[in-house]
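Okay, handing you the structure first.
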Amino acid sequence: MSENLKKGTGELFTNVDPDKMRAFVREKNKKMLSKITTVKEAVEKFVSDGDYVAAGGFGGVRIPVAVIHEIIRQGRKNLGFSGHVSTHDCQLLSAGECFDRCDAAYIVGLEARGLSSNARRVFQSGKINVTEWSNGALSWRFKAAAMGVPFLPIRSMLGTDTFNRSAAKEMLCPFTGKKVAAVPALYPDVAIIHVHRADIYGNCQIDGIVVADDDIAKAAKKVIITTEKLVDNDEIRREPNRTVIPYWTVDAVIEVPFGSYPGNMPGLYFSDEEHLSEWLKVEKDEQLFKEFLEKNIHSCKNFSEYLEKNGGMEKMNKLIQQEHLLK
Amino acid sequence: MTRYNNMELMITIAARTLEDGAIVLVGTGVPVATAMLAQMTHAPDLTILFEAGGVAPLLPTMPISVGDSRTTFKSLKATTMAEIMEFCQTGMVDYCFLGGAQIDKYGNLNSTIIGDDYKKPKTRFPGSGGANDLASLCWRTMVVTPQNDKRFVVKPDFITTPGFLEGGTSRVDAGLPKDTGPYRVITDIGVYGYHPETKEMMLLSLHPGKTIEDVKANSSFEILIPEKYDMTTEPTDEELEVLREKVDPTRVIIGRG
Amino acid sequence: MSENLKKGTGELFTNVDPDKMRAFVREKNKKMLSKITTVKEAVEKFVSDGDYVAAGGFGGVRIPVAVIHEIIRQGRKNLGFSGHVSTHDCQLLSAGECFDRCDAAYIVGLEARGLSSNARRVFQSGKINVTEWSNGALSWRFKAAAMGVPFLPIRSMLGTDTFNRSAAKEMLCPFTGKKVAAVPALYPDVAIIHVHRADIYGNCQIDGIVVADDDIAKAAKKVIITTEKLVDNDEIRREPNRTVIPYWTVDAVIEVPFGSYPGNMPGLYFSDEEHLSEWLKVEKDEQLFKEFLEKNIHSCKNFSEYLEKNGGMEKMNKLIQQEHLLK
Amino acid sequence: MTRYNNMELMITIAARTLEDGAIVLVGTGVPVATAMLAQMTHAPDLTILFEAGGVAPLLPTMPISVGDSRTTFKSLKATTMAEIMEFCQTGMVDYCFLGGAQIDKYGNLNSTIIGDDYKKPKTRFPGSGGANDLASLCWRTMVVTPQNDKRFVVKPDFITTPGFLEGGTSRVDAGLPKDTGPYRVITDIGVYGYHPETKEMMLLSLHPGKTIEDVKANSSFEILIPEKYDMTTEPTDEELEVLREKVDPTRVIIGRG
């Protein structure tokens, strides 16, 4: 029976063997030390050309924009990345031409806002090695890694071209004899995650949707956290049921207020729909887009300057109001 | 002149499909408008889920993202995408709503690429997102889409999301959960279901003013036309009022026509 | 290679096929209706002779004692149960001679307090069909069920008699070729869980250790919730990140203050160590034990009477103080 | 008369094994006393986990259950048992502490039954609990136990929890994670490790006043005695003071002797 089992033809970009990850993890310094640094230093130290990167959040919600800007500014190339509802983050990394391979579940689009013409150009160029997955499959791949097992059985993907272009494998359940899809653990080299609250050690709490960030933090070799607010360790300990990411997985912590801008930060500020529309618009004109990127990313010394250029506190206050009035 | 446009018609018909007490997983745009309309009319106990982690929010307005703050506004639970997908995998979720650039007669959907070279596609679309999971794992897949012969194709360039695959029993044979699959396709021309055995798309009801010719002319594959089919019941004034004044007062969705 | 793969010889007491559970779940009424009832009615309606029962909590912490007493009072027989750190709960079900089969990970003991001589007598009688597991394996079996997959691969149990007497199977990872243990999904007929807060629909929040209760609620066909405090639905919606069990999995909700007594309820009251010692002591004398059970369970019309007999509010206040002074 | 009893000696020696910055998973009794002593002496940054879901609490006193309130008192995280076991499975956890009714020369442990009829055992013990998982998944398994020939057996009646199984490479061959396994056995007579190749239990250090004869007389299997072994360094006054006054002031554990 097993000779009829299908395998996806997509490339597997990362190691699947949990014993390799275990050996890495064993050597990590697990002391509860301060990991406070700057975005610039974190990217210099923890993101290298060729690394496989996973971004937390949900495309335009709770996304680590400051770190992605810095990755672009520092000119990282040949990255791999997981397109797990990758919307504005995919748009940014495409703008920086930072990657050459991608596990794609949701890329090039910005949900209801439309499609990024530049991200499409990049993905249509033939220069990107793409392996297909579903959002669920990528979530479960992170979960397998976070659980410390080499794969998880799932019941989606079967029978489709998404499966055929993935690196999943059909297998038979040892108990029911029924077919399931096995999806391999995904261990990113670096995870970049933006959270609501973190202490200096990297214990993190998140409000609203968690997406896959609990698992991504555990799955990744290195973890960079940006946080809206640095809080005292006592505050974490006051609500231990709310802690999503434990300190020992984390390598860098940076306080970046409005760090998800122009994305939404649940409970704090809404997305800047005007700015995202501008992105989609300028991408259609090569020269305009170049100038736009120069202004908003390359010429900015840091994320604060980007915020300043896009309306500063006045704009942020508007987005805060929008979030709370829910309009 | 009709009292409603195509979008209003499609949303209204889709909303009627959702029975009170069902659990539905929706995306932004038409799906969430549909679920909100159902909730505000005949199905107050409809439970709405979002794949990013929002469970049963008290939606103040339509979300712009499947994960934005509104999807967890006064929600019962805010969680992970994996947990939402696992709710679907356990059989808890009755309906999901999907779309795509192409659909075939078995309800298979393409939202990945157009072109015959996967490595260098003519057009790259987002890919599955959660669609493949939802269509695999929820009981009933709903598609609401304008109908034309470029979208209703004989062979999609890529099957992103499973319908009945090659028809017959092929969906279950592939390992997908029993008794799941495409349920309704609601277009600007009619409402379609699927033949119980062959699983081919089949006309269920024709919209007011539309003809069998419209059905045929706007599909590249042959849609089964049974001897008996219904005429679609038009949106009521109450449905239209709720849709226009409560669900989508700024006409973001219904303004599309 | 696959002919060398081992299988545990233990009996599998429950269905593994997720399609069977899916068909059951599909027919469940998923409307958000009030599920308020009494412990007596809940047990009458939802626990039948022969059912497979899973209890939440951690043996002596956040355990559904009121429901277990009622199961004993109503004389349920031939139950199956999962001994997932089953300490005082195992002691109770053994006292009632309620079960004839058990998935055992931790049974007959009360952790540091010692072993229950009566539970041991029951398990040494030869009348109980036991299948062995580890705590992790049972947790993952519930998780497989909660995820909707027929099994999960794990990396423990291998090479031991625990595996040999389990119903797990060795398998090779389709990606690494390495051996893992596959553990089958566990779908209990009934889950009984005690929580800190629930609304009338069954949305539940838990403080402190969650153990496996998130998964058990999703894995079980029927779920009975006892709660320290019934709260308004608004209160659940105020902290959606804290909701562990969603309403649609739940069939019955009963407010039972001090419902974990004599167990500990994190943040509310400590365990009654004197009463638990008395349990261990009287078990050693058949006649004394009979009288003890008559007094504490059989003759009690409800859980309040049991609390009253063991010191009532004065005792409860003492345990509350003990919890907060942590003495 | 010594300045300490056997329990105090074993706990002190075990505590020294835990280096600062390590992550350790403990049970109630000796294990948690050991971890607390280490934290209060040389290893302030030791992270303590409990299998029921408590992560790094600020332990006010010793818990009586692996899941009681103290295990999440001002903890960094309160979670599920599965998540704790998964931390172990990912390789994050350095040490676990286990015990059992029987141990063999490869460090395999029995906490399930005594007797040769599994279906009707002479004595039923709790079973694995989390022991099998922890010994499988943490890097180093510590055993702290009084030593005698009934506990140190040639063939356990049941292997609940894996040590080095049949020695040599058999542990890895069984599929258990690489480079894990029994690390130290600390008894009232000596400290033992395992032979790097054969994986047989081996004397590392002898406690003050104990002899090789004691080692041999109190084990039913042959313990390897290398040419060179250490003499155990006695507990210091400071260690004893912290243990007696801060860790276990009511002598619940150390009172056992």
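Order of writing sets the labels: A, B, C and D. Residues in every chain begin at 1.
The rule is short, and it goes like this: a residue touches a chain if its C-beta (ideal position, glycine included) is under 8 Å from a C-beta of that chain, and two chains touch if they have at least 3 such contacts.
What you see is a predicted model, and the numbers here were worked out from it, not measured in a lab.
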| item | value |
| --- | --- |
| Distance between chain centroids, defined by C-alpha means - chain A, chain B (Å) | 28 |
| Averaged-CA centre spacing for the pair chain D and chain B, given as whole angstrom | 57 |
| Separation of chain A from chain D, taking each centre as the mean of its C-alpha atoms, in whole Å | 40 |
| Interface hub residues of chain D, defined as touching at least two other chains | 72, 78, 88-89, 137, 177 |
| Sites on chain C at which at least two other chains make contact | 18-19, 148-149, 154-155, 178, 180, 207-208, 210, 240-241 |
| Pairwise touch network: line, ring, star, complete, or other | other |
| Pairs of chains, among all present, that meet the touch criterion | A-B, A-C, A-D, B-C, C-D |
| Contacting residues of chain C [partner chain B, same complex] | 18-19, 21-26, 29-33, 145-149, 203, 218, 234, 236-238, 240-241, 243, 246-249 |
| Chain C-touching residues of chain D, taken from the complex the two chains share | 27-29, 50-54, 60-61, 64-73, 78-82, 85, 88-89, 108, 112, 118-133, 136-137, 158-162, 165, 170-171, 174-177 |
| Residues of chain B defined as touching chain C within the complex | 20-23, 45, 47, 55-56, 58, 72, 74-78, 86-92, 94, 137, 139, 177-179 |
| Parts of chain C lying in touch with chain D, wherever the complex brings them together | 57-61, 83, 85, 87, 104-109, 111-113, 115, 120, 123-126, 130, 132-137, 139-140, 142-143, 154-162, 165, 170, 178-181, 207-215, 264, 266-267, 270-271, 273, 323, 326-327 |
| Residue ranges of chain C in contact with chain A within the complex | 12, 16-19, 148-155, 169, 171, 173-176, 178, 180, 182, 184, 206-208, 210, 240-242 |
